[in-house]
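Shown below is the structure under consideration.
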Amino acid sequence: MGNVVCDVNASADNEVEAGFVLDFERAQRTGAAEAILADGKSLDDLVAIARASELRGNALLFTRLSERQRDHMTGVFGGAFHPDPASATAVFGTPPNPVFRNDICIVSAGTSDATRAGEAEATLRFHGITPRRIHDVGVAGLWRLLDRLPEIREARIVIAVAGMEGALFSVLAGLIEAPLIAVPTSVGYGSAAGGRAALSSALATCAPGVLTVNIDNGFGAACAALKMLRMMERP
Amino acid sequence: MGNVVCDVNASADNEVEAGFVLDFERAQRTGAAEAILADGKSLDDLVAIARASELRGNALLFTRLSERQRDHMTGVFGGAFHPDPASATAVFGTPPNPVFRNDICIVSAGTSDATRAGEAEATLRFHGITPRRIHDVGVAGLWRLLDRLPEIREARIVIAVAGMEGALFSVLAGLIEAPLIAVPTSVGYGSAAGGRAALSSALATCAPGVLTVNIDNGFGAACAALKMLRMMERP
Amino acid sequence: MGNVVCDVNASADNEVEAGFVLDFERAQRTGAAEAILADGKSLDDLVAIARASELRGNALLFTRLSERQRDHMTGVFGGAFHPDPASATAVFGTPPNPVFRNDICIVSAGTSDATRAGEAEATLRFHGITPRRIHDVGVAGLWRLLDRLPEIREARIVIAVAGMEGALFSVLAGLIEAPLIAVPTSVGYGSAAGGRAALSSALATCAPGVLTVNIDNGFGAACAALKMLRMMERP
Amino acid sequence: MGNVVCDVNASADNEVEAGFVLDFERAQRTGAAEAILADGKSLDDLVAIARASELRGNALLFTRLSERQRDHMTGVFGGAFHPDPASATAVFGTPPNPVFRNDICIVSAGTSDATRAGEAEATLRFHGITPRRIHDVGVAGLWRLLDRLPEIREARIVIAVAGMEGALFSVLAGLIEAPLIAVPTSVGYGSAAGGRAALSSALATCAPGVLTVNIDNGFGAACAALKMLRMMERP
Amino acid sequence: MGNVVCDVNASADNEVEAGFVLDFERAQRTGAAEAILADGKSLDDLVAIARASELRGNALLFTRLSERQRDHMTGVFGGAFHPDPASATAVFGTPPNPVFRNDICIVSAGTSDATRAGEAEATLRFHGITPRRIHDVGVAGLWRLLDRLPEIREARIVIAVAGMEGALFSVLAGLIEAPLIAVPTSVGYGSAAGGRAALSSALATCAPGVLTVNIDNGFGAACAALKMLRMMERP
Amino acid sequence: MGNVVCDVNASADNEVEAGFVLDFERAQRTGAAEAILADGKSLDDLVAIARASELRGNALLFTRLSERQRDHMTGVFGGAFHPDPASATAVFGTPPNPVFRNDICIVSAGTSDATRAGEAEATLRFHGITPRRIHDVGVAGLWRLLDRLPEIREARIVIAVAGMEGALFSVLAGLIEAPLIAVPTSVGYGSAAGGRAALSSALATCAPGVLTVNIDNGFGAACAALKMLRMMERP
Amino acid sequence: MGNVVCDVNASADNEVEAGFVLDFERAQRTGAAEAILADGKSLDDLVAIARASELRGNALLFTRLSERQRDHMTGVFGGAFHPDPASATAVFGTPPNPVFRNDICIVSAGTSDATRAGEAEATLRFHGITPRRIHDVGVAGLWRLLDRLPEIREARIVIAVAGMEGALFSVLAGLIEAPLIAVPTSVGYGSAAGGRAALSSALATCAPGVLTVNIDNGFGAACAALKMLRMMERP
Amino acid sequence: MGNVVCDVNASADNEVEAGFVLDFERAQRTGAAEAILADGKSLDDLVAIARASELRGNALLFTRLSERQRDHMTGVFGGAFHPDPASATAVFGTPPNPVFRNDICIVSAGTSDATRAGEAEATLRFHGITPRRIHDVGVAGLWRLLDRLPEIREARIVIAVAGMEGALFSVLAGLIEAPLIAVPTSVGYGSAAGGRAALSSALATCAPGVLTVNIDNGFGAACAALKMLRMMERP
């Protein structure tokens, strides 16, 4: 897979110029590009970050890009800015061409979990990997999940994305040998509002081998998977 | 099954004698005995309640009986007091002989959920029904649950008892036609402490047809099941 | 009532065509139509789901439909799309003609609980049943509730819908023989914000036989009721 | 009723002698005695407080007295210390003889709420008033409450004591003209643990005229009632 | 003050005409008008409620009226609808002329608490009482509060309105003989968000005689005060 | 630095004129200007406060000024109103010229924390001090923080501003001798939503010498720093 | 490392004999032994589980063993039962001899985190691996952590164990290439009580590549690490 | 005051001998002794820490020492161990003789807050300072606080210790020029349980200049005060 690194919110403190400096030295050392969490940043911040990156020829991944941010960036940078509305991400510049690998698999429970599953996929693709995607295998229809087990079992790392009560994490972890990274999503209402129920399920699971990241953090799950892959490939 | 009623904490306010009067009139009208939540009641209260019941020839079910309460009552009433330590319940007096019915089934996830599943069973037996019991079918070992499905599917009402992340509720509800009454248990630690994660899972489930009662409330689940059965038998 | 089934979010993972496939096989097996939770789905998703259903001649129930979603679907499908703004639901296609049954009753506490009570009613009607509806019987004016008791007592299943402090659940359950399904609503502010107080009341009730679903989940309550009815009719 | 005042934890900072000085000046000005919250105080603190009071001839009310504290004080002061285990209170010295008044009424829902109802009663008696007590009128058996309504309606102030889901507060407030002071109790488990559900119900009530104090604060409810009575009697 | 009653959300279940019937019988019996909580009701609901009231000649108080609701009602009813934007209330019809009484006093801590203090005042005025209002006496500037003490001490009932940390409740209650009704407001951010810190302070106060209502419930505080006053005037 | 004082929400209750009176007497006594928390105040309130201040020749600091409030005030007062959008503050009138001091330092973790760091800086500048600002030294890139340590160690008071998990507080406090005032920010999502995780970290820190203020309260941190400085300068 | 599997609470449902049957078939298939969570199990349950295991020649790992459970098991089984009080674990029977591997490293922040770090280590050793252990490197003394970095960087998987504010997770993850599994511990008080602050920090971390398990779940972290190692070794 | 440093939980990772090594090098560099948080440490740990300290001639401060720990240490070390039960602290060895300083003042609200106020005082004394102590000045009796104001105003740093609703923090901060360090205590019940209400009050205060530490953290407050004093004395 080569050298990969996940950096979000990367910026330094050169106050002379733009108010921040991307961590290009680290980027150059590792050969990887960087990711910017767009949520909470102003339009001016985003443009300045992209410009700074452009000067050095680095590609950038933007996550949690709002519609308004997306339109603004497209207006400023045109074809150099490649948004993916389904995952609320965008690539600025030219990342490596991803290759399909069956040993990393993203499994999602419902249609509404697609954005976060997409964020995980976009992060992996930005780092050169096209993972397998398995959709709509929530446990309320257990046979759908069981039908896809052979494919899922090919993976060495499984990212599972689910909201509501998050039962998918426990059920799936009990059926596979690979470690499972749970991404609880903020899909749900009432006692599941904001993803609390799904997060609790990931943490309280009776199935060993479940690891979790913050609610809706598809990016973080992909970064952890990239770190695992890198370690697997370390001699 | 005949006429059944579930009354807990039943007492009235005749202050002349014992400080309380059990709701015998209602009991006589419905032909059923009563249940007493022992937790939080003094030893004197429990003895007085049993004595008042004794005078009228009613049987009583005690739930959440501590070891100390159990020993005290046995000391006072001897063989008329029938404790069941495994479910922390006891019967005082002579309830009807229960008969086995395959149309009500209690399913529990782990060994630690046995007390609450036992409380539900004791409540049903006290009202004349021996339900089917299925143990140790947590979703981390899915095949155990699937092996028992044919039996579970014979039930018209399923009571599911689970702690930790409570994934059993969603998985099982997706596999059966009967309504499922979830009893989240206070088994777990960290983000599952006190049963919160299991309760959230029961409420946030993606599987339709799941109903829930309070954490550890096996008695309440059995009462609801008895009400359902009674309605099923109403002409 | 015939064969009924409640499926929400039903979709499979045939990625070739629309990105999802409704669970038509199960639908055909059970003779019932399906329900789609509109909240959190894009306009494109909703149209595609309706189109897929149309091809096979199935009716669909949409719940939690926003005004914007409703207008869009009406614009696309015209008279084939039957929205009910008062319950935020819609029917696509032609469901069976519902018949009135006095043995299922929906009781609501305040005017603001009407949407969720309506969701439960729409779900029942979609499956062929017109329940009795009792409005505005909050416990602050107890005589209103007592006046309607004879009608409520005809029911074999009662769905109670209440926000604020949710005292209706305990009071009503103590007055009827039928099991009561509580639908706590997110009506309230301060310590009742988001339905928390009503949900706690449903769970902590001193009245046996109360079962609860998630906050605002009128659909889930109706599904559980349908499962109960089906079991009552199983020979 | 005369002049009454409720002071808890009263002590000043004369460090020369006992480490604290009771607020005797205020006590003498108002003609009333003082109350000491025993919970969290050492045995030595309690003895010293009683001794300081003894020197000046004041009566003292102790609340939330543990069994160990009670035994110790009885051992030290003998007959001058009058404990009431049922309410976990004690009187040291000689308070005024209480007189029965039908215009203040304490209503409690279950047997387990008796301690806090007793604390409110003891506080009133210490200030010269014997209130009416109504027991065991939880809403799960509504007729019990309705039977006692004529007596309750004689009151100008009603203190209602309830745990679990606290539905009593809303139901009773809707049936009387007097203001209702709710004392939520820590009776309950699961989602009602620690009195949370009952407190939420008191705050979120749909019945106007409900006021609440902290969980288990029978003393505070009585103090507020005493303040109201005093104001009623102010010319 | 005459006979007063506070009814919010009042409506019955005559389904023939408007979908609800106001509780006019009770209103006529007590000689008082009614209050409608506008928040969460549709424009059509509000118009229908006003029309039904108009037919019978009753005045109505609307609380928590949004700007949009206010404008719509003014457009429909013109001069018969008297909105008060500062308290988000409105009067429909002609309530009795209020008279000033110095024995009821509303004290508020900061400028941002004015809306809820105004709601309490509007409720009192609607029932014929103009209370004393004391503004801007938060405890951070203690001398402001102390300067106004003589006026506040004339009151037999004090309503205190405060957000943030709600220290006003404890400080003021320690300085007056009258009972204090706390109205915690949702003014604040961070750990005070939604009024939680102020509510906790009202409940946990070390000063006896503090009673509280739900966050932002100025209406409820006024209703309780009206009930107290009525009882004070009962022979 | 001279005499400084921090007053927010300062106003009194002279109802004759503007509805409030700023605390000018205290201001004149201390020689300092005042601060107004704009959030939650109406446009009319803000204008009236500024007018009252203008009459007496005092400068005012506005914090948490929304875009709409800012535009309105600029429209009314023109060049006398000096807004700073980056910190959501504004100065009305002419405060003292600030002087740079290296003994007070504001350190922030991420770009999104800049608004609250700016609020702290604006408050200090309004009182005559230009602090050192250190940006973008979050702990995920530890070397950035270590690079700036020599400058930070010159400070006698450090204000640290961080959201997300707030690890900066513990790490930095362990590296400096000066006390550290933590400003947790509401930057984050999921389990960090609203600043909860950062606040918990500031409170639970294993590094002694960390003090905290409310989430997002840059103003409060600066006020505490000003009080410290004043005490340092007291003979 | 060979084939490893982590099973906790493993038991089946052979009701004829012991009430449960360990999952020996799976154990034999994978060549690994099993783990039993002792917490919440009765002494009789533990003895029966050990006996059942003994018959088949399997080794067992017990976790969260109380002192009382430990003494009882030692009394029953003598030298065949090998308790490790420092990690609250015990081995029954003879597991494989562990070998030291520098590519898995357990790092703990404080002395009080040693029990959970020990549980992770015991789990790894039971499965044949002796990990590197690094103690007492909390971030309040940053140089201690930096001193040990070269050793930590040899690991392909790092398990970090910390309570209080859990800043170690973010700091360490920013310094290493390996994925980090966070074990928040219930060390702390006040806002850190029960491990909440440390868990929030692990989830909300600004450092990518952090994965977390439930509070105090050292066993779960080790299981996930074993799954990762196994996948690394899969051809 | 000289050079002071506050180190809690100080230990290093010399695994050869005792399992930990105190941070003596830093201690020697700063000339100050160290503090050990006893809570959560075993008796053996405490003895070993004291022995290690003894060898080098350092004094140690132990905080949160349980009765059992205290007795054990006294048994082992005799007169070299100086426990102070009132503050749950102990000194091992010989710290510097403290001198009284009127510019640091500890103010506590109630008798039950004395332990945490004592912990702050013991920490200061261990570092050579005897602060002024003001007891029993809770806001429910405001005049007690006002009487002591002249003394409190002499302080350059005020540590305020309060449980329940914590109103003391806001009231006192509004009356003094010095910064105030709030120590919320876990005194209280119901909605104040565990110190939550007092902590919220400290954070949400309307009085500028309030800083807070974790619940019950008297040690942390003293450490921050020591850091402030040291900075005040830095040239």
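By letter and in written order, the chains are A, B, C, D, E, F, G and H; residue numbering begins at 1 in each of them.
Methods note: a contact is a pair of C-beta atoms (placed from the backbone, for glycine too) under 8 Å apart; a residue touches a chain by one contact, two chains touch by 3 or more.
Nothing here was measured: the structure is a model prediction, and the numbers come from that model.
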* Structure fact -> Contacting chain A as well as chain H are chains F, G
* Asked: Where does the A-F interface recur among C-D, E-F or F-H, taking recurrence as more than half of the contact pairs being identical by residue number?
  -> E-F
* Asked: Looking at C-D and F-H, which pair shares more C-beta contacts?
  -> C-D
* Asked: Roughly how many whole angstrom separate the Cα centroids of chain E and chain H?
  -> 45
* If you average the Cα atoms of chain B and of chain G to get two centres, how far apart are those centres in Å? -> 35
* **Distance from chain C to chain B - Cα centre to Cα centre, in angstrom** => 28
* What is the distance in Å between the mean C-alpha positions of chain D and chain G? -> 50
* Structure fact -> chain D residues touching 2+ other chains are 9, 110, 138, 140-141, 190-192, 199, 203-206, 208, 214-215
* **In the complex with chain E, residue positions of chain C that touch it** => 110-112, 134-138, 140-141, 144, 148, 187, 189-193
* So in the complex, which bits of chain H are touching chain E? -> 109-110, 138-142, 164-167, 169-171, 173-175, 188, 190-192, 196-208
* Give every residue of chain F touching chain E within the complex, in rising order. => 7, 9-13, 15, 19-20, 23, 26, 39-41, 45, 184, 186, 194-195, 199, 214-217
* Which of the residues in chain F come into contact with chain H in the complex? -> 6-9, 156-157, 177-179, 181, 199, 203-206, 208-215, 219-220, 223-224, 226-228, 230-232, 234
